[in-house]
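Pasting in a structure now, in structure tokens, and then I'll have a few things to ask.
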């Protein structure tokens, strides 16, 4: 979705600038995508235990869809990341998922429905501890993400 | 489920005693019921924003079912009540529903998927403000409860 | 704080436009205000059970303050509003308050520490049901807001 | 507090039986203890993201204290443990702490107010990943617990 942070904030952070440049050709999600999709999966880094404001800003443009019930009965699922262990991994997903309740959707989480979940740990959705961007998603996180994606696809069918 | 409160507490409250007497022939839910059911709907009064300990005690006996994955992919939904408005209606349902995440279930809530929900208000599950037992569930609460039950049944099918 | 919504969204809503005009001389909160304040009270309408993205965007600019521990031991409290009963009144405050945990602050809520709270109902913070802007805060909401403010001031002292 | 689990459940688990035996001379907390204490710190293993029913049963006996406002303005804080990472560490503390809101107490958490917190990770309260009882609290968990205790004591003063 759209980057809503002030340019000065972005420019003060080399990694952020590089990421904006690297992803400039990735097409942005729009509310129209929410309408045709049968399943919606959101991912966000934690911001003090909640979702990033860029994601919340996108969510706040969905009033029209909500009003006409366009999101009812779709499947919803979420994943997150945080700098350290237990610093918003659970809270970000659980608090964000209340959006799905309001939209009348059906919530699907990974639970402990696959052995990989006992390694990754988080039953609410995949989450990864990434230092401050120093630890890329590891084998466990990637395998758990594949499981969550597969599970969402299967339930949606 | 089983009453776990101390007998002295029960006896100090006329309404509680009467209710125990009135419901003595209602068969108690067991963990075996969780196993055959395709959908599981829990209701609880709020206790400081969480579920009643009687319900939590029942939940705490499900370790065996969880360990063998017996609850995976079932449909879960909850409802609640509280003495005053906004005094745990939302919080009780949302915090209790984390049990469903751990069990690997699928969460279905009423959302605003029916006009009755705009009157009852709570998208997470039906809830009713009951004074301290002085206000029985009204027309709105009953209609919303019927809607939530119907929705759970339909999604389960 | 700063309005971050797209101009097209604002212009599509007469009340929103009027409010922007009416509040154009109110000075915006800045992160510098967070630094000198001994107590911080946030209010937000619910957006699907979470805070408005405008507030989250402001929160997301506080990384510098957090990194130097500038918010530690301050008093935090929140209030909210929603269109209907039980439609995010509790959830918005509880999920938003996790910001205070991350900032190392001390959380003060109204509880049932005053008779007005049994009328207003919400122990987590004042909240008001406002239709869709059709119901201005009533006597109960205003009295509860005064109580919450007074309580925050007293504990801060 | 009082063990409320059925004897059959306890007897089916050697570690549980040993713990009952080992702690039989530890005096149980009573609601009277809540009344004289200036600060109240609760710890609980996670049970599917919520507190153990033994603790909830104790909480459910405090109606008398709550009704007379005996817990108002006390300091509250919580800690937890779970079998795996992100499997209720945050959720258990956050959902349990809503009890403090209802009691009109003041919530104090460790935040990131000490360097140990960046190692332990959980800003809501200390938590420890204990396998299934196979991993005793390590140096980090113990140091973080000491910090949380010290912080609660200082704020209480």
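By written order: A, B, C and D. Residues from 1 in each chain.
Going forward, a contact is a pair of C-beta atoms (placed from the backbone, for glycine too) under 8 Å apart; a residue touches a chain by one contact, two chains touch by 3 or more.
Worth saying up front: this structure is predicted, and the values here are computed from it rather than measured.
Peer 1: Examine where the copies chain A and chain D touch and state whether the two sides share over half of their residue numbers (same) or under half (different).
Peer 2: same
Peer 1: What is the distance in Å between the mean C-alpha positions of chain A and chain D?
Peer 2: Between these chains, centre-to-centre, one finds 30 Å.
Peer 1: How big is the gap, in whole Å, between where the Cα atoms of chain A centre and where those of chain C centre?
Peer 2: Roughly 25 Å separates the two chain centres.
Peer 1: Give the residues of chain B touching no fewer than two other chains, as numbers and ranges.
Peer 2: 49, 66, 87-88, 91, 94, 98, 101-103, 123-124
Peer 1: What's the contact topology between the chains, one of line, ring, star, complete, other?
Peer 2: Drawn as a graph, the chains make a fully connected set, so complete.
Peer 1: What residues on chain A touch chain B, complex-wise?
Peer 2: Touching chain B from chain A are residues 66, 69, 72-73, 94, 98, 101-113, 123-124, 155.
Peer 1: Can you tell me which positions in chain D touch chain A when the two form their complex?
Peer 2: Against chain A, the touching part of chain D is residues 49, 84-91, 94, 118-124, 127, 129.
Peer 1: Can you list the chain D residues touching chain B in their complex?
Peer 2: My answer: residues 4-6, 9, 47-53, 56-57, 59-61, 66, 87-88, 91, 95-96, 98-99, 101-103.
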